[in-house]
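Data first, discussion second: the structure below is written as structure tokens.
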């Protein structure tokens, strides 16, 4: 078990990076605590896989250092890093039984047979694989194979972290839910740090204590799901976290304040700002639709109602052709064409200057 | 440990390289020798060990009693191999596509049985077929002709083409031809407009295997031709059994293996790209 | 009802049936006749040719020799080919050149190269004995002793066909996925364990394919033998194909050689099927 | 109008079992079902790609069951991004037009227009392999739409795309197909939200059969069977096997379930279905928190009751610590009852409730 520190860590696949653009991963500083769950989240090509490969030791970073519990492991080979990894496609030793698969990492390390037996039994119980121990591993289903991969990491008592590289991709949709839950449970029971790489924000949110959002090799924001959701540091995080994305409404400078015709929410104009673009960011979930009253911060006409089951997404057109989306459970009682009052809590309306959250 | 391993690997690779090139180098140096240089025992380096002579090479292009004409056999070999390979490739590709996409049934015979029938022809020892071939070609008046050999070689190469192309086509998603058909192609049209243009790697690999096995065959050429048609392998063997002019023999051998040795470059490219793995079941 | 699917299959199928099936059936018929130099034509003598095959010691010995030769040579080709493929797999410097070089022997004509090998193994004028003598060994009777001739054939076969194994196995290696190797590194497996637990199982299907193809081809060996040793000295390197060739096309015992070749074909098919099943069970663990 | 009657297939891994339906032009039908429910098989059967053992396909009263694929005037977008690898993007989209006999200039003009519509106007000369997954799928969509075929089928077209890309294309989809007013549009998916968002009519498939169909909101509110309820619920619906005794509903012995407004069936076993929104914090039921997951603006809490497990969904971000005890209320107006054989038996005093 270990604390993982990324110290000014960056990587360029080019020998001589000229500028920002040449970096697959722009230098970052991050600290990951022992025993928590983390998610590296971003669209394809965002650098999350490069970061994972650096941590696993597949790629040696061109810049910076990687520390496990204060020890510099930047140039130490994978086998000596005490990490484990679960891949997108299940990797098992196809000629071995489940038991032999789980025992393999310990055998490689020369652990005594009695200790191996004990550890394998413990881990098998943890994974609910007791019944399958003597089956050939290749006969198991994809989600069970993923558990075996995980188990090969868990049997090692010295394991610092388990890396999960989009492990739910090939799992049946019905099983995804179960496996995700299983992963959380195992984290709670064993206290092993887990790092998940994914492009699916809901997967990241439901899994991780803390999420690292990346784009174009650049760290966008790192924080708890709550933080990312309620205070996205920039417009990309606002877009990427949450579905539908955060509404962004342009503001004009009017006599020292920022205002829009769409909503009667004003913001004090920040002094000494030379930003070109002022925007108000509001989560669709934070917009409540009510009958029109004088207290409303705005009114809008319903353009579209999408049923998503329990809740629905309502598209509204406000004044000055501003279109926003709101998420509600009362959508079944609404109809297209009606005009609704809009309420937004002042705290839920965030100010963005050129796409960055103004603090 | 790592160092020892690395050294062993280098020695192994080096040793094998020498083993591989040795016969070629020996043939090359021998081809420049004359009778004196040969009968005085093994020698290796021209000018140092022996006085080089070009008679081995010139004799190949001289006609008459002293010469051995290599041009005739070379052309015959090329014509037979190319025609047979081409026909096999065309027929084999069509059959492989059919077998990979449609269902055929003839009583209890299914697709897999037909595929097996094609491929199993490789098990057939040439000797089993040699005598009936001989009689059949004699019946057709095709003994000792290019036509007769082409016919036999098609039987020899067709299974190879079917084998490689069946595996190749099974790697092309069926959805591609289905899509072509929904876009308005007939099954035959889908094959020619969509599948064939995307089959170049498979065709190259299959074609190369046909060329290799066609060009290198000796047995059928040996039993089914005599004087009118002569392929390279047969001519060199007949040269071998008469007096042994090692110099001509070596030059002859080098010329006859040269064209296909060049093919190795192409094979390597396809192998490294991984396009070949589909060709192996 | 000639639908488009027949357009694809029929030309090849009919061609092959026309060229192969009739000769094969003809061979079956001939094997029941006494066709030879003195009596050409299709009479019917029942199964007496087959009885003669089962009493023909020289044939059964040639079959034993062939089995020994193919098993040893294919095993060597596989081991060496796999070793070479592994060695150049990740070789960057000079790798390309070496790959091309290692492939060349399989592109060359076996009989042509056998002609060269004959000069190489020549007892007094060849380079092998010359080099060996420098180490105080020899002269080795390469082609004139039974063991020497057998080993010579073996060397030539290995030289010629190891590249084929190399080709199939390397093509397999380059298409292997990366993750299992990373997993093995993470699990702490060394080179040796990684090979046996990851590379070898992943390569099992290709291994089986390659071994079967080579065994099939090796069982037909005859060109090399014909040129290199003519089956000699005595019958020391006489393989089944070569023996049948002597009976059929040299002695012109057409009927008898037809019977021989059919027995040989049946044995080939049966034993190769068994070998394929055994390999499948050993390497892939399939129970069917 | 497309009418299918008693479609039944054999052979394939998943078989269709007596599927009948009538599709109208200009509407989008989403076919929802889990993997292996027979969605793809239905599309393939319509296309003529899977042989039918029984059944007929009629397009505008004309029987086309035996018609060859190329003459069916249908198009299909696959889950994998399938395009012609050897053709440029423009030629890919022009391909079906050329097969219809249009000359090159006309085909290219129409294809170019369609590609502009799907947002690929600047990539006309690229090869499909040089595009991203989302762009490749747009090419496939353009090619399927450019023909203006009578039936446009999409087989989980977004399944292999990144989450956000999926969201974006889903949003654009209605606009993209807006021109195909003559077409019946069939769209398969495994995701209930996608099916409800995109479909005018939603068709639920299970085990090779159509088990329910109708307007998405209606189906969601009143699923006719337990299977339907379970297929169309995301997050999952919870089932608890309880029973009815003396006109009272029980989760289990000693655990009375709320039933105001419900007309209960006769005494006997019954399956009680709880949607995530049927459970709310604070109330008379005690449970242990098994796990709490954060998803968008909701928190999904897995609860372990004495009588079974259920999932609660709470708006907003709230900390629920796993392992803690919690009291919750269960709202009877969101309860559904199913007979043990799976059929819906929920009856309410007030049907609007």
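In order of appearance the chains are A, B, C and D, and numbering begins at 1 in each one.
Here is the rule we use: contacts are C-beta pairs under 8 Å (C-beta built on N, C-alpha and C of every residue); 3 or more make two chains touch, one makes a residue touch a chain.
Computed from a predicted model, the values in this text were never measured in an experiment.
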Inset, instruction - Go through the assembly and pull out the chains touching chain B as well as chain C. - result: none
Legend entry - Best-connected chain pair, where connection means C-beta pairs in contact: B-C
Inset, instruction - Take the average of all CA coordinates in chain B, do the same for chain D, and state the distance between these two points in whole angstrom. - result: 55
Legend entry - Averaged-CA centre spacing for the pair chain D and chain A, given as whole angstrom: 26
Inset, instruction - Check each residue of chain D and list the ones that touch at least two other chains. - result: none
Inset, instruction - Would you mind listing the residues of chain C that make contact with two or more other chains? - result: none
Inset, instruction - Among the residues of chain B, pick out those that touch two or more other chains and give their numbers. - result: 186
Inset, instruction - Chain touch graph shape: choose line, ring, star, complete or other and state it. - result: ring
Legend entry - Touching chain combinations (by label order): A-C, A-D, B-C, B-D
Inset, instruction - Can you check the complex and tell me which residues of chain D touch chain B? - result: 47, 49, 68-70, 72, 74-76, 78, 80, 82, 84-86, 95-96, 99-100, 143, 147
Legend entry - chain A-facing residues of chain D, complex: 34-35, 132-133, 162-165, 167, 171, 190-193, 196-197, 216-217, 220-221, 232-236, 275-277, 291, 293-297, 300, 302, 313, 315-317, 322
Inset, instruction - Enumerate the contact residues on chain A facing chain D in the complex. - result: 43-44, 172-174, 177, 180-181, 184-185, 188, 199-202, 205-207, 225-226, 229-230, 239-240, 242-245, 283-286, 306-310, 313, 327, 329, 332
Legend entry - Of chain B, residues touching chain C in the complex: 5, 9, 12-13, 16-17, 19-23, 26-27, 30, 38-39, 41-42, 44, 91-92, 94-95, 97-99, 101-102, 104, 114, 117-118, 120-133, 135-136, 151-152, 154-155, 158-159, 162, 186-188, 191, 212, 215-216, 218-219, 223, 232-233, 236-237, 240, 246, 249-250, 252-253, 256-257, 260-261, 263-265, 267-268, 271-274, 276-277, 279-281
Inset, instruction - Would you mind writing out the residues of chain C in touch with chain B in their complex? - result: 4-9, 11-13, 15-16, 19-20, 22-24, 26-27, 30, 80, 83-84, 87-88, 91, 96, 98-113, 115-120, 124-127, 129-131, 159, 167-168, 170-172, 174-175, 191, 205-206, 209-210, 213, 216-217, 219-220, 222-223, 226-227, 240-241, 244-245, 248-249, 254, 257-258, 261-262, 264-265, 268-269, 272
